[in-house]
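The following block contains the structure, expressed as structure tokens.
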Amino acid sequence: MFYANGKLAEKKVFKDPVHKYVHVEDRLIWDLIGTAEFQRLRRIKQLGTTFFTFHGAEHSRFNHSLGVYEIVRRMIDDVFDGRPEWKTEDRMLCLCAALLHDIGHGPFSHSFEKVFELDHEEFTQRIIMGDTEVNAVLRRYDYHFPEKVAAVIAKTSDNKVAISMISSQIDADRMDYLLRDAYFTGVSYGNFDLERVLRVMRPYNNQIVIKQSGMHAVEHYIMSRYQMYWQIYFHPVTRSAEVILTKILHRAKTLHQQYYTFKHQPVHFYSLFEEEVNLEEYLKLDENIMYYYFQVWQEEEDSILQDLCRRFMNRNLFKYVDFVESKHALNNWVEISSLFKKAGIDPEYYLVVDSTSDLPYDFYRTGEEEARLPIMLLMPNGDLRELSRESEIVEAITGKKRTDRKLFYPHDLLTEDPKKAKIKEQILKLLKG
Amino acid sequence: MFYANGKLAEKKVFKDPVHKYVHVEDRLIWDLIGTAEFQRLRRIKQLGTTFFTFHGAEHSRFNHSLGVYEIVRRMIDDVFDGRPEWKTEDRMLCLCAALLHDIGHGPFSHSFEKVFELDHEEFTQRIIMGDTEVNAVLRRYDYHFPEKVAAVIAKTSDNKVAISMISSQIDADRMDYLLRDAYFTGVSYGNFDLERVLRVMRPYNNQIVIKQSGMHAVEHYIMSRYQMYWQIYFHPVTRSAEVILTKILHRAKTLHQQYYTFKHQPVHFYSLFEEEVNLEEYLKLDENIMYYYFQVWQEEEDSILQDLCRRFMNRNLFKYVDFVESKHALNNWVEISSLFKKAGIDPEYYLVVDSTSDLPYDFYRTGEEEARLPIMLLMPNGDLRELSRESEIVEAITGKKRTDRKLFYPHDLLTEDPKKAKIKEQILKLLKG
Amino acid sequence: MFYANGKLAEKKVFKDPVHKYVHVEDRLIWDLIGTAEFQRLRRIKQLGTTFFTFHGAEHSRFNHSLGVYEIVRRMIDDVFDGRPEWKTEDRMLCLCAALLHDIGHGPFSHSFEKVFELDHEEFTQRIIMGDTEVNAVLRRYDYHFPEKVAAVIAKTSDNKVAISMISSQIDADRMDYLLRDAYFTGVSYGNFDLERVLRVMRPYNNQIVIKQSGMHAVEHYIMSRYQMYWQIYFHPVTRSAEVILTKILHRAKTLHQQYYTFKHQPVHFYSLFEEEVNLEEYLKLDENIMYYYFQVWQEEEDSILQDLCRRFMNRNLFKYVDFVESKHALNNWVEISSLFKKAGIDPEYYLVVDSTSDLPYDFYRTGEEEARLPIMLLMPNGDLRELSRESEIVEAITGKKRTDRKLFYPHDLLTEDPKKAKIKEQILKLLKG
Amino acid sequence: MFYANGKLAEKKVFKDPVHKYVHVEDRLIWDLIGTAEFQRLRRIKQLGTTFFTFHGAEHSRFNHSLGVYEIVRRMIDDVFDGRPEWKTEDRMLCLCAALLHDIGHGPFSHSFEKVFELDHEEFTQRIIMGDTEVNAVLRRYDYHFPEKVAAVIAKTSDNKVAISMISSQIDADRMDYLLRDAYFTGVSYGNFDLERVLRVMRPYNNQIVIKQSGMHAVEHYIMSRYQMYWQIYFHPVTRSAEVILTKILHRAKTLHQQYYTFKHQPVHFYSLFEEEVNLEEYLKLDENIMYYYFQVWQEEEDSILQDLCRRFMNRNLFKYVDFVESKHALNNWVEISSLFKKAGIDPEYYLVVDSTSDLPYDFYRTGEEEARLPIMLLMPNGDLRELSRESEIVEAITGKKRTDRKLFYPHDLLTEDPKKAKIKEQILKLLKG
């Protein structure tokens, strides 16, 4: 068999609750799925701490990656194949980029990257280009293939069609995660009509556009997305767990820097703490490893690390109030912080403002620093028109930055222990206004 | 508030993909869910290694336990409440028993219990009766409540109605796991009509019976169950992963007994290896901890432990053939084993027969060692008739023991390494016949 | 049995694809469902001519009426029951009003009412108050009950809570038809989370309000509604069939007024043609009767009636273009009409402008002639706030009148018959611009 | 455009609730759907009187016919295309046969054919071969095409593969109606895994076989079918409505033969009553026409016709008891009949035994008069084995004739009118035993 165009002797399928089946007929895809780096995605949850709020959300990035691949495969095999502007030779490039799009994610990406100043996109590049099984498989197909796939994911490729299938305002990545996250959490918001959206997509002028007759299906997709963000992804209970997680990592790093002696040496974290992570070490990290440390750190002597880990393991989370500038900022902030200290509670770890403003902001905005391609409608006369100029519902939310800031704090510490009750009462009064 | 009858100020709900919502209005239930022991169930998958075959099956026992609770709650609040044979005072007992039914499960129960000769049912009893948060919460409700709940789960209680809601041939446990496992794997087999089954259940003569008019719904449930066992639970790929897992634990235990020096000391396993596990140690074990060790053991010097862990982590599983008495047993077995040794592959770890005969066997059989209560139909005239006497489909599978025996072996070791190729060829010939 | 509070000996259920089951425990409800007037709703489609576009939409008003009843029943029994502002004695009133809400609908309501200048709401009142089985059943419950039920449906009752359950911007009627029409057409747009919306509804200050925490679920409902209107209810193919239907009725009436001799006397239509319909005659009309006439009129001598009936029966509909003021109005209209006449095609029946502007307009507007109650959010502090002031998405579509005007014409007559080809060519040019 | 291989300029889709979309790319298919004879199927319900029991079951044969077409299209385009044993030139033949399979059905087929001694299969042949739009469209494709399509539907064709796609134990017809009837009634029984079944089908040795690895999916399909028959299709309430319908037709025919003067002459029935139906008359018949007569016959003077029509229109059906040989046959039958007469109730119309034994009987039996092809499994070694020899569940129901006989009677006439109360009491005693 000539590997490059290798088809499997018999098509394989994965039973998938979202797409019914994920179909694989190419040996290259099959082999990529079998690599250690891809299998590692089974040990990283798609939605990090969301399962604390929506208990069904225990699905992994492995799941999602297969789904993105399947959507791109359908676009190509069921819709684009045979159309004038579609280049058959792009098929494998698009499939691989779809499958490997999230390969660089670490455990609990959001918190993890923040504390250790890492970027999963960089690791995606390193995994594809470095000394890995993924790289070997891709290179077996074509010596320059890893570079090509990496460039599509990095959005530096000349192949704009491939890029827009994976990362645009209506790409396979978003379409899969909306449907998948809706399925696993059990909410109905994310259920737009994937089949209809796929059927109106077209490669056109070096990008993917939407036939105008499909505008309503795209509106529905965008509304689904809007709802999912506010109902699921930004849920304050999830963010509370994330706040605690971030503070655990922050505390452990600080202790390490202060030469604290851990009962259980965090060997997996050393290079992270020292900000010199190599690829091999990075690949060993997954959420199981993290949980292992959270488990054993419950018995550390440092009371902050111990307490935060116990909270995380037992879902004893922080409560929250809306952060109100006039109530909580400036002098008030100084006062509240100082009262926390008086009450014996370290505000650095126990008084946390979390803001989600940045995320919804970049949905349908164009022309900013990291400009996102707008969704273009292909009109019956062949013109292209930007979606929000045709859809009043989309227009209503285009470019609107919506911010949610919350103040997280350990309500139990302020109410259950009678010591310094006066101060605590005062804190609660200031927090709740 | 008088705790014993405590209702929450506002009903709480959990969004659940299977039951839409899980409703909690009792403080006792809310507090039990918040215990460390119950939260621990989030770290144990409901279906162990099944996710290697059906990637959606990543849901935890936490999920399932809430579901069993919800089904029992509906039985009581929507169907039994107000009926003559239903005792209102049993409500809380049934709800707690439903919720805590699986609380004693360890990680990867099946393999784990086999290798370490443990019994999760015993740990369920110890968790409910011992020095735990669960015990404290139950005792706050009523000093003798832990004993009562434990007795229902252990099936030693006098309250046969409560027992049959949790553990009988058509109990809330089975009903939830069929629907839930079908949902997360994405197969349609498990979708019987829960609402219809609930509506035809009645407490009657100290057990739960089914109104005869609902017989077809029960048939459908039983067929669903049959299909789920053969399509999902006994899938050979899942069993292959389980075989490897069992052999990992077996190898680690053996090495420990042989005073092997682990690079990374398996402190969490010491008491298991020595078969003297106390409750506190047991509760620290979860699948994250297990995966941590499998991860680090990939770098152990012992080549068997190393290899098996790599296989498990990277889903490089054993292949299988049907085990055929005439081809594989007796002298042939001796010959194959001896060839394995000659090829440098230890048959104790790499040549494994796995049989699933025991599981389907006890579905609808009665009168055996651990006799299971049959499903009784309540006829219009008030008589009770055993289901299989009314339903020819159920009769067809009643008491039929169906066995599936497979022989698992590392196909790659026999084909990819050219050393001792002749012997390996001979092995393959003997295995495949 | 004292009828007034009569419960059925055993609860009855109807299997319903949208709500799973419709539950009936009251004898009064059971008896109402059994009346001739209610059974008649089986012979009137919920969506009139929509099935020509979405073939699944063949469901009847009987279906929908049961669904509205079931939603109101759940509001009451699962959510309102026991709350301080809910009056138990309103239960039966609300259930009956829900069930009978659409009882006065005629066949293909929209076209029918337009041509014969009837109003289904008036017939609803006459059915409830007149000499009917429905009236007899209601009166058996309480002599003044028909008046009370009729007043709730007519929105003249003092019981504003009952009115707002049945007819407001988020009432049981709309909630059922969105879910039901989505189900039967097979589109996903209508799938908002009914269970969540129900759980956040409250009777408060003599109306039904929504807890603020449920705002997103209501947004989702409103977006669903918006999508359903533009994707399903206003679909131009459906309107094309309705245009033809309207013209059939119009033609038959005109012929009757001109003393045309029908081969098949339209006895069921006489009183309609003469605009003196009594209740008994009205109740005999259903869509089967209409189809009977359309069938036989296919063989009438009048070529217009014959042609229009054949079109309707065989789904040979009119084509359409957007109606553009500058292209199609004023002098242009006169010119096109006159060309139609020259081509031998009567423009009164074959050149039709249909506009849907009125329908979306009254979604979320307040303070107009027939002011609709706005949706009020109940804030945590007990205040009420109008929805569009809290939700930017809803705000975006509030009060926005969106109009769609289309021009319908028989494309086939202009292209398939070579006679007067020049004139026809000219017509097509003027129509399409 | 060369018609024979004509593709539509743009693929058309029908939104279908069961298959999501029905795809049409061939002009021939599009034109067939547009014929008067095919559109007529919109006016015949798929499940006759079932909607009286399951109110959702209002879907038409038009719906189902599109569904059968779509399943065959998927078999061909997604599974068979490119396989060695599949002949590309059979594609259009199979698609047309699928689409037109039910074209000859009359209104309420079962009762209709019984009373008027007609056979819808004969009319299918006449419609395809006669002077119809369907014939003209088929002939435009290929002069001999009507004959070929008709032969596949009649099972007389040499093309066994085509026949087995449309009419075998696991054909597209059955697969669609199980899924569709389950969807519209709202029950879950019919939900087997269509996609999986399709993927394991293969043309092989001039028939369609099932890969052995798909056996469980086929078992599931067969169990679904079994459940649907007993839960839906044979539901006694549906049969009660059918009994009344049959008796209406029977009565009208009898009256006609007795020169009874109808107030409203049943012109549409004349040729039926006289058993000389021509094709043109047959095609005018649909359920709307039938309902028209049932409506007007409610006011006939003949009290039996009047009463039966009122019952049917208002769903005032007969009650039923199991027909028990020892209680109801022979002398007892004579006695009951004679008591009916004494009570002034004509037993010919009001005392009816209905038996459903024949239908389940021919499910999975082989070798009888009209032998049905068994389902063959294609074993890994290329052998074929009959399904019931591999599946113990299927074996359990193979060839088992199950009969359900019920006795239908008007309970209301025996209880609500006090005249001849003694006799009626006696009747009830004899009926119920």
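The chains carry the letters A, B, C and D, assigned in the order they are written, with residues numbered from 1 in each.
Note that a residue touches a chain if its C-beta (ideal position, glycine included) is under 8 Å from a C-beta of that chain, and two chains touch if they have at least 3 such contacts.
Listed by chain with UniProt protein names: A, B, C, D = HD domain-containing protein.
On a predicted model such as this, the values are computed, not experimentally measured, just so you know.
If you tally contacting C-beta pairs, which pair wins, B-C or B-D?
B-D
Relative to chain D (HD domain-containing protein), which chain has the most distant C-alpha mean position?
The most remote chain is A.
Averaging only over C-alpha atoms, locate the centres of chain B (HD domain-containing protein) and chain C (HD domain-containing protein) and give their separation in whole Å.
Going by mean C-alpha positions, chain B (HD domain-containing protein) sits 51 Å from chain C (HD domain-containing protein).
Using CA atom averages as chain centres, what separation in Å is found between chain B (HD domain-containing protein) and chain D (HD domain-containing protein)?
Here chain B (HD domain-containing protein) and chain D (HD domain-containing protein) have centroids separated by 44 Å.
Could you list which residues of chain C (HD domain-containing protein) touch at least two other chains?
Chain C (HD domain-containing protein), residues with two or more chain partners: 20, 187.
Pick one for the touching-chains graph, please: line, ring, star, complete, other.
complete
Please give the residue numbers of chain D (HD domain-containing protein) that touch chain C (HD domain-containing protein) in the complex, ascending.
14-18, 20, 34-36, 39, 42-43, 51, 54-56, 58-60, 62-63, 66, 183-187, 284, 286-289, 291-292, 295, 313-316
Residues of chain C (HD domain-containing protein) touching chain A (HD domain-containing protein) in their complex?
Interface residues on chain C (HD domain-containing protein), with respect to chain A (HD domain-containing protein): 187-189, 191-193, 216, 219-220, 223, 226-227, 230-231, 392-393, 395-397, 400, 402.
Of all residues in chain A (HD domain-containing protein), which touch chain D (HD domain-containing protein) in the complex?
Residues of chain A (HD domain-containing protein) touching chain D (HD domain-containing protein): 13, 20-21, 195, 199.
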